[in-house]
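What follows is a set of notes on a single structure, which appears directly below.
Labels run A, B, C and D following the written order; every chain starts at residue 1.
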Amino acid sequence: MSTTIVTTPSGRAFISDNMAGASPQIAQAVVDAATGQVLPYGNDPYSDSARRRLGEIFERDVDVFPVSTGSAANGLSLAALTPPWGSVLSHPDSHINHDECGAPEFFTGGAKLVDVAGHETKIDPALLKKAVLRRAGDVHSVQPSVLSISQATESGSVYTLDEIRHLSAIAKDAGLRVHMDGARFANALAHLGATPAEMTWKAGIDLLSFGATKNGAMTADVIVSFDPAIAAELAFRVKRAGQLASKMRFHTAQIDAYLTDGLWLDNARQANAMAARLGDGLKAIPETGLLAVPQANIVFCRLPQHVTDGLLAEGYAFYHDRWEPGIVRFVTAFSHSADDIDQLLDAVRRHTR
Amino acid sequence: MSTTIVTTPSGRAFISDNMAGASPQIAQAVVDAATGQVLPYGNDPYSDSARRRLGEIFERDVDVFPVSTGSAANGLSLAALTPPWGSVLSHPDSHINHDECGAPEFFTGGAKLVDVAGHETKIDPALLKKAVLRRAGDVHSVQPSVLSISQATESGSVYTLDEIRHLSAIAKDAGLRVHMDGARFANALAHLGATPAEMTWKAGIDLLSFGATKNGAMTADVIVSFDPAIAAELAFRVKRAGQLASKMRFHTAQIDAYLTDGLWLDNARQANAMAARLGDGLKAIPETGLLAVPQANIVFCRLPQHVTDGLLAEGYAFYHDRWEPGIVRFVTAFSHSADDIDQLLDAVRRHTR
Amino acid sequence: MSTTIVTTPSGRAFISDNMAGASPQIAQAVVDAATGQVLPYGNDPYSDSARRRLGEIFERDVDVFPVSTGSAANGLSLAALTPPWGSVLSHPDSHINHDECGAPEFFTGGAKLVDVAGHETKIDPALLKKAVLRRAGDVHSVQPSVLSISQATESGSVYTLDEIRHLSAIAKDAGLRVHMDGARFANALAHLGATPAEMTWKAGIDLLSFGATKNGAMTADVIVSFDPAIAAELAFRVKRAGQLASKMRFHTAQIDAYLTDGLWLDNARQANAMAARLGDGLKAIPETGLLAVPQANIVFCRLPQHVTDGLLAEGYAFYHDRWEPGIVRFVTAFSHSADDIDQLLDAVRRHTR
Amino acid sequence: MSTTIVTTPSGRAFISDNMAGASPQIAQAVVDAATGQVLPYGNDPYSDSARRRLGEIFERDVDVFPVSTGSAANGLSLAALTPPWGSVLSHPDSHINHDECGAPEFFTGGAKLVDVAGHETKIDPALLKKAVLRRAGDVHSVQPSVLSISQATESGSVYTLDEIRHLSAIAKDAGLRVHMDGARFANALAHLGATPAEMTWKAGIDLLSFGATKNGAMTADVIVSFDPAIAAELAFRVKRAGQLASKMRFHTAQIDAYLTDGLWLDNARQANAMAARLGDGLKAIPETGLLAVPQANIVFCRLPQHVTDGLLAEGYAFYHDRWEPGIVRFVTAFSHSADDIDQLLDAVRRHTR
């Protein structure tokens, strides 16, 4: 771990939603879970309740595997869906392809990630149609085995239900399985106003990386499986990968609280609303250029360099040197308030003058 | 996850120390860490403080990698110390060999665990001397690469400092590296009254799985490296394995509180004292037979079947059918009180009559 | 590769049957295959003929994968039969466990080899019955997945058909698959006088490493699959492991000639007869002690040290320092003649005086 | 293996150079090696001679590992040069990326192949300069670790010595190692008229996949290492991957004969000359279009569909449906004669009319 410590004035960090803390209800749930003796490895009331709630929101039986990170959720899910000689079709800018140091390759035993491009970080159906058939049956080539889509995407766009169904159908018709990287699942759901069932298994998703950490939890993501046939395999994979927590109650208590009284959707709506507020504000500032109307909680825009410099000087934190010059990214979190956004907009306006 | 939920009356669970909750100070630390924005992946004040404290207790610079489970700590450590064609020498009853579903094989890319037996779950130096040389340089055989010792061992025995130094020297002389599985590190340390430095790098340990979860933390174990040369490699391995927590503050705040004001040693002393109290009490009951004087927090003894049955009927939980008939195991935790132990002893006495 | 070159006078090498050359018919077949253009990767007349012959000797459809070594045949076979979290049950002295530098662990992605002991290097059925059930369904443990038996064994003993059927039945009843390491398949078959079908699929074998190299071929072993369901998987595994020869005709021409006019069985009978002749001769020499009546082409016996020294001084080559003092091993090959054996026996007699 | 058998009239197959048989000298060498007893695993006179000859042609000590396929040579070489979290930089059309069913990912334990494009299937130095630095040191990304170049390339172009030196220098400056896929090494060498040393270690190559199979051998490729530090590691990797032949003499006798009296270069010159003759002839036929002047033994050109159809009808075999419509590929081999080429050209002329 690097020892560079950066602290920003509260509310001025927009680098990622993982800079936020945790919802008070989730912190309290962890404290409440800290007393008493229960069985380890998920055989406890907290885990039972979390499982029940997940079954409720997805309106069906699901198999549930709490893990400590989104990368673990993705890697383990993909490993259950592809043989080592398979290929995983994903967008070139997907987190699994770009930001996990080869975790999918590690978990799958060396499967290959194959790019399928598309606008707005969404996979193009026409390209997918070709990719799913690429050298199928040819022993000299890896075999298309899984489609992995991110919902919301890494740029903050959100697939419509029709788009998910369409991509899934293309994959399924060619015999592939479908994985959803839902690190920002709640943000996408809140944007669409859809049900969890509609956005997943009813649309063809086999395995979901259900993210909670970015949206108010601490360290708890969950693999949700809609295919009972792979549950046994996943249980072994999870244990073998060092992802079966002994005191699992501390993971599942987070999930349980996250799903109680709609906290998860409230948090996502707040984060999305803050992105929308920021987007609206930026649109009204002539010197800035919004790249797309925010759908989830990510805002990409153009800022003049002196504006960027001015914001950084005031302690604002955001990515500004990862893309072509002038492009910056703001990620809002459940913990951002309207005040935080308004102050940011004020600062942008001040520096644009 | 199984859905069997077992709850026992408070204090009557002796299956494992992972049935305990968390120390209140650790729960509070997590709550305190829940507010405010900080950088992810360990670049935050909580992680910085935990790293500083670990450096202090080990009296030197160390590299620190928080992970979510002991299996991950072990597997990642071993992967950094052996090539895939190496062998890991450990006791046949070691956790890595027996209880991790092949996690070391997974993380190392297929290294082989080779048994080196010995009494009291401790590796026999004479057998180790042979094992470290076994077919060294022979391309047809896996190559002895790492010695892994558990401190305290899986049966609750504790290596003396001299024993650790002796085993390490045998390994080092043959060119092997040395790993310590310290899932119950604090319990061993409390028993020996040694310093963390004496029990690790001063005795030849290269990498330590520093356990906190079983001794009052929630979900936080740590890889502590005494070899700067492998820190870079470990950073990539940790990320690639989905063990680099984005909101790492929630792991490191646990570690930080664990190491504050001697909480970790107080907890371990309490667990050990409860095991000793239980051992003393059982010794005084003629019908039972203590297998060994407890050193850490594990008590193995013989119980007549009707005593075992009676205890189970009262809600006591402990392993009783894993070894030869009549052998049972009680694991005490920091959360057990003298009252809990005395009530258990009363119950044993009642049923022996 | 070491640069130590040892050449022994013709016929005096008994270290292993891999010191023999190749049958003239096989050498001729390779020469005959060297002209003309054919499709690569097995789509050629030589491969077709070899496949047809294998189908004939096994009296059924089989899937055939020529590979370059027995270790590759074993590793690929096991990979097709166990998940990475599975265990492979084999004798502690098996080649896969002992002499392949972890090849099974490499090919399987980290499965665990679990010893099941037994006399004469044969697996004990009573021990197997326990092993196949060991922690089945327990997520903390590797899962018994494959039984692998060597026929003939590494010490030259041969399982009877009843023994194979019994072991296979135990494995199958518990849901395991069965692999046979047939590096010396022909020698075992010749000893039993059984049919290839009786010794394999009719006795419960799923996958066979069909060895030819040790018995007169050059570089050609074959995976023979009796389970059509795993043929597709094996094709990808073979290619991905660099074992799909482009000019496969040069592998399959060897196999084709090997199976023509009973060459393979003639060779095996010759090697076995030479071992029997050597065994008979040694029995008649009072100072030597035969450890077992040779069944295949391996002879274990006791020799006084001065006899061993005398033989070595005359250029005889054999293993003499791998087991307890005084134990030596002679491996006969198809290329040994009765004269070779009689001269060896003469030499033993000379040195015992 | 598919059972489709295609035989073409002798000399009319241009699908790949792996459709050729073997040079008579190599076939004879294998026959000569078939008698007598020698030590296994390369400790034999044939292997010693092959090693000596390789040392001679490369003008230095080299470590030599014979393997059965080019995919094995490539995969094992890359595994010795990159950690699992590394990336291998290669051209998108490289064999390792495209035609080995993920063998590099298998052998390396999940490293990632990253494309670096360029004209004529050669890596563009400007793109390479960016690629070698991509996210170096960023724990969230795979780390650039190896540059792999194909000489000759998959399209038959040949890097100049300056080009190799330039690419190597870029890689080395950034701390990467350099691998050369020399499946058609001799063809490239013959084209350049350079020495083996100049084209490899003097130009910065660390490990070479030295191909012989396509150029007159049967089943023998060789890993040639110019870095003594990785020889020990490679020996274990080779064994563990089932690539250490017990009767290695049958591999190395091929290599030995291949390198005797310049056979390897004669064969390559013949194949190259036939490609040049074909290219010259096609240039003179107005209806066809040569895509590039052939440098090695591959000719890409445009043919009208009716010409392609006509050639196929006469038994000519070549790839014609793998690229955009109208593009066909002819690969010449050492076994093609000037007559074969002239007949092909006659046929093209006939059909173009």
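Annotations for the structure displayed:
Following the convention adopted for this analysis, contacts are C-beta pairs under 8 Å (C-beta built on N, C-alpha and C of every residue); 3 or more make two chains touch, one makes a residue touch a chain.
Nothing here was measured: the structure is a model prediction, and the numbers come from that model.
Set against the C-alpha centre of chain D, every other chain centre is closer than that of B.
We define each chain's centre as the mean of its Cα atoms; on that basis chain A and chain C are separated by 51 Å. Chain geometry summary: the mean Cα position of chain C and that of chain D are 33 Å apart. Averaging C-alpha coordinates per chain places the centre of chain A 43 Å away from that of chain D.
Those residues of chain C in touch with two or more other chains are numbered 41, 84-85, 100-102, 106, 109, 139-140, 235-236, 239-240, 244. Taken pairwise by the contact criterion, the protein chains are fully connected, each one touching every other.
If you check the complex, the residues on chain C that touch chain A are 41, 83-85, 109, 139-140, 143, 233, 235-240, 244. Of all residues in chain C, only 84-85, 98-102, 105-106, 108-113, 139-142 touch chain B in the complex they form. Partner chain C is touched in their complex by these residues of chain D: 1-8, 10-13, 15-16, 18-24, 26-28, 30-31, 33-45, 47-48, 51, 64-65, 67-76, 100-103, 106-107, 213-214, 218-219, 235-236, 239-251, 333, 335.
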